[in-house]
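Before anything else, here is the set of structures, which you'll find just below.
In what comes next, subunit A is part of two complexes: it sits with subunit B in the first one and with subunit C in the second one.
Take a look at the complex of A and B:
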């Protein structure tokens, strides 16, 4: 019996030891903002190359551009690194004056030399976002003469045409126009790369935070930049942790191991909304969800069929259920918040009307068609809902699942019938979306430019002219009206079923205040976050 | 005859047979790797994904696209691309990631220790529990212990790890607070530990940072236990069947007749003989763990090889995929050789080449 007692005692001792928590309940340090985000899309931190959502946001908080805009009213454009700018009488040349007394994080003063270097560099390196600058008639060969320094603090930016000033300024707010510390970058130059190989993983900016460390698929660490010219950031550090799984993010947020969760799904948002420690926040983003109907398909090229399909999507139901809180119904190619955005939503699910239109097109019994569908839960969910409503009018839609790169490759080769896609604007100006949805300069298979209108083989010489004219209209009011006119026609006739505008949703601990969700990712700001 | 073995002639012939064996081994390893590379390379090229698109994205202008197309050498014929790749491999560099332009070897050196650490802790847990459980099940064949081990094994083998991982986090991290959450180490310690080996348990111990060591341990214990549970399920089932086979052998009966205590028969005689095939089982389980479990790594935000490989695949970064394939191939070949070596140590029949 004694032995038995010893055994029990030993066992319970072992059990208690085992049950002692290995860790105390964690709280994040008070001067550090910790966010969970799927950051596996980052491939570079060089402003000349960055085009991904996460990296854009990181640069938005660590670099500065010549100009910026009010995230609540994007029509309010103001100077950041530039103190002011003048436009020449012929409208082709901007003269920028750099704000005096600003410094990079390195302590080097910001001068016109840095601005000229940054813009020339982006054009010469010719990475993915370079077109935002080269569309003004710049190329590696002419950029040195077109963007020229005229004084310590002044430089000129010359274009091939008199583009709308708003277009030029909005393009300069994109990350590709951010100002790089010339001295620091050139200290690390190798083989005439303007410091590109170094800057891919390092930092030479002047924003509120400096980038200290990036370990791919693991973490990005930013530190307060004490040389920043604006208000000092309250947080000493801001850290992104790569947490790919939404439910893991939710657990971490509930436990207080992170301050903000960035990739919550509808399910997690639902569950967290009743938690008093957590606040769900959202902001309208510029991305648009749409269906692209290939005009190479004999059925989809009929105007009545295109219109019928716009009546065969249950917009409201998808927004309320599958995409709960993460989209709003929007049916024109310019997202809400852009200059000249059309906010009419004339279409809703109407099977009878669609059937009438199909009968008019000589297809009273419908037809069969395929849709390339990216295999993410959200796109797949939407596609399945659309498949059901299409079937009500006799359209048999087969979904072809594939991963992002695969469906995109097929789409760009014009080998699809229908493509369900998401398009995010490249900069804040309406031209970014008009350029792709409403312009198709050459509909031939071997065209060099592949806008969405081309991918869907939609030949629109007239509309292309209208879009081109809008680019050169200097008067903002007139310009907005031109875009509204284009969108109205586009909404009726185009092979694009534009469905939703994205809403970015995040969950934060209740004590974390001041995170700004802006219209584009480089507007998302934690410069003023307190906790 | 025993004397003849020590003669010069005998030694020479032994040496000859050894060099023949070594040459055969090297050849078979080389052929294995070549085949592995060729197949992976071809699959990478057949996949209907445009690698240039993966690099430049959807928005780049045609001139940017063309520039990268040539940079990647895609204008050259397939065989030439493969030769260029082989050349890079032979020169020791694994090539550069198409996306980040970083050397693949550097990337792998960063992610592999995370997987190695997790897999090693997991296989230790799996083996330490799996083998005794298997022995117990064999000894008590048909009894309660056998049934319990069987059910535990079946659950471990069939429950989706993704789900088990989330449940584990929910219970042990969120509700009970016994272990730390996803990730390898708390942010607070992230920059106080210098990464020497990349194995954080070893790094923290070497630097005498015991608080950090405890933290790392509390991060690794849950995912390692889960992975360990999976290998335990397999190892215990295999141990049971090997042991049953051994326990029915005549030498066991003889030992019993001689009055050898039962524990000696089980743990010293039978297990020793069952150990030989068990080594392969454990080595293969370990190799499987070293590939990196994508799902476990995803749920536990573990920056290891599995996540890296999956991410590279999704981004059509074929250089990175090839690099990982090679590493995984090397792990399998290496562990196979290692278990062969152990075989010959444990089994005299193998050692003497009979």
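Take a look at the complex of A and C:
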């Protein structure tokens, strides 16, 4: 019922506009941070299940993981709940030591028992993000012997192969690796669910804030956690209000009803940038916008056509207008900020070159093709702009709009010609994107693993081998080079027209300082916000 | 044969059926013409039809292909772009002009689909009575129990978004009032002497329904359909606004408002112009419908 919300929001916007002259200038309480964000994607607050942008950010501020990384330099990995870790000689076993003296918000001390419980729990519950852990050869059956407590403050984490240590550590920074208070969770256990039903809407963590309340499509309220081991948060409360419409957020921000607006569009950013009370901040995110060209289509499977299409997107114009401030041009599958990211952008709009390539492919007059397009304003806007530049080379592209569910279902079933998509990495390691863009172990229709390369029916045994080798490379420098090599080839030959990397933008009142925009959503932090 | 003169048309003693019928039409036209509001409505609709017919002559730009994103995006109204440009650098005037085709198509198709269904159901129910009446009218009641837009939303959600499906959904949801109206009219005439006379002469039910009942119901149904057209336009625009009607890049007015909503504060024309277009055309149909009722409704005739 998204449309319904939009309607309600539009009506309330009209009302707000009408009432503007009557309302006095409001101000938020000095010890409370109020953010406006579209929070309708939250389905759970359990770290074992959370896989959504909004909930990830909330958990990032309210739970702690074993390890973390510097948001300005992701290659700097440090311990958080873990004080240190050792890797066995064969590279298959990590031994973690828990930092002493840390407490959960409940007052319970954090021990190795909690860490083991949290990881085992995530594997056994097997919710959507569980693959981040199970890819190391863990399963509900063997997890109790593979992740084992060896002392009050130590435990071992054993894998089936000697994976690159950076891969393992980055995976443990994901929300699925966050440490849950075993005592509190087990108090609320029902039918052997490890407290899952309770934790869906409640809290058992140790972060700077504790989650007090979540009302779906309305509000999330966080309170300062006085048992937090780090610096106490200056704000006593942090509140997310569900405000889906960008222009409503803008009006509220201008009036001071909220401190931070999170869903501003290009036009709002433009309009607010001249307002002295408001500061626009941004940070690059890992999400990538791309076109997936199905290799089942007779035209798109020609290599010249694939290359031609890469010359038929006006990358810079879209980034400068329709998506201004929201994306930057990026043409490799690893986003900037990742280990081994390739930042070359060899393609730009070149109709002549594209026509040449099409002629070489035997299609001098172009062809007709469809593109499944999610009906959000940004995706539709980009799709229409691409449609126009494609038309210049004779490619008649028909847009088939649908909601996220419809288009994605069709894409997953390999029934599309072209799909315009947005891909967000699951964790901070390059393997997360290499796994999906550059690996396709089985191109058959009934394959069990269905990465993006499979969805576009791109059969790449060689590149799959290269990606598999990169996962096992222990040396970070060599590993980065391997990913750069894969991306260079991928950029030339793949059926993916990778276009942009997302920039997250927020507008804050000028007096609100200290919000950190990190590379992934659980890195966004308001722990240190002051106003 | 005499000329189509005013005297011939208004003659008190018509010499042929054709003269009588044409005279009747002419008198209706005369009384409609004396209602200036109805003439305004008629004028708006004639303009709409002309614009739709000659869209490719009138529109200065391509409604689907935009200009340069960097320079021609969201331009305010000017001589070059009388209604400004939208977020894809397309000329809004051209889009409004081409959009009139979609609007007219929706209205015409819905009228063509829904009116016969309503007439058929209503006259059958009214003429036969009994269990036929009960079954048909309770079905009608079920359709009437839902607000039209909500029912149309449900149908489009089931059929998939698109202008064709929107038309089907609106048609499915708009026949019940016509059925009710036709049934009420049928009830008042089904026991009239001329119907009984026809029956005594051995006319079949089908013949009576088609030849005698339906023509008498037609005028009130036409009035109702004309008055409903504004509602049909609004429903189509509503579906377009919610993303379930015409799909981008089609220049449907409702969808244009939805796209322009994001820019309402800074670039008012993007959403306002299609809004004004919808308003004007709906008003036109309402005014004409009102005027037609004054003229055609036998009970209201002075």
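In this text, the second predicted complex is superposed on the first by the 506 of 531 C-alpha atoms of A that agree within 3 Å, B and C clash if a C-alpha of one lies under 4 Å from a C-alpha of the other, contacts with A are read in each partner's own complex, and residues count from 1 in each chain.
One rule holds for everything that comes next: a residue touches a chain if its C-beta (ideal position, glycine included) is under 8 Å from a C-beta of that chain, and two chains touch if they have at least 3 such contacts.
All values reported here derive from a predicted model rather than from experimental measurement.
Visitor: Using the superposition on chain A described above, determine whether A:380 touches subunit B (first), subunit C (second), both, or neither.
Guide: second
Visitor: Per the contact definition in the header, classify A:401: touching subunit B only (first), subunit C only (second), both, or neither.
Guide: A:401 contacts subunit C only, not subunit B.
Visitor: Between subunit B and subunit C, which makes contact with more of the residues in subunit A?
Guide: B
Visitor: In the overlay, answer first, second, both or neither for which of subunit B and subunit C A:32 touches.
Guide: First partner only.
Visitor: Just subunit B (first), just subunit C (second), both, or neither: which does A:247 touch?
Guide: In the superposition, A:247 contacts both subunit B and subunit C.
Visitor: Is A:391 touching the first partner subunit B, the second partner subunit C, both, or neither of them?
Guide: After superposition on chain A, A:391 lies in contact with subunit C alone.
Visitor: Applying the document's definition of touch, where does A:89 land relative to subunit B and subunit C: first, second, both, or neither?
Guide: In the superposed model, A:89 contacts neither subunit B nor subunit C.
Visitor: What is the contact status of A:239 with respect to subunit B (first) and subunit C (second): first, second, both, or neither?
Guide: first
Visitor: Kindly list the residues of subunit A that each of subunit B and subunit C touches, one partner per complex.
Guide: 247, 251
Visitor: Please give the residue numbers of subunit A that touch subunit C in the complex, ascending.
Guide: Against subunit C, subunit A makes touches at 3, 6-7, 10, 13, 17, 246-247, 250-251, 265, 267, 270-271, 314, 317-318, 320-322, 375, 377, 380-381, 383-385, 387-388, 391, 399-402.
Visitor: Once bound in the complex, which stretches of subunit C touch subunit A?
Guide: 65-66, 68-70, 73-74, 87-88, 160-161, 241-244, 247-249, 259, 261-267
Visitor: Mind listing the subunit B positions that touch subunit A in their complex?
Guide: 47-50, 53-54, 56-64, 67, 99-102, 107, 110-111, 166, 169-170, 173-174, 176-183, 186-188, 190, 214-215, 217-218, 221, 298-301, 303, 307-308, 311, 314-316
Visitor: Using the touch rule from the top, collect the residues of subunit A that touch subunit B in their complex.
Guide: Residues in contact with subunit B: 19, 21-26, 28-29, 32, 34, 40, 43-44, 51, 126-131, 134, 197, 200-201, 215-219, 239, 241-245, 247-248, 251-252, 254-255, 257, 403-406, 408-410, 412, 426, 448-450.
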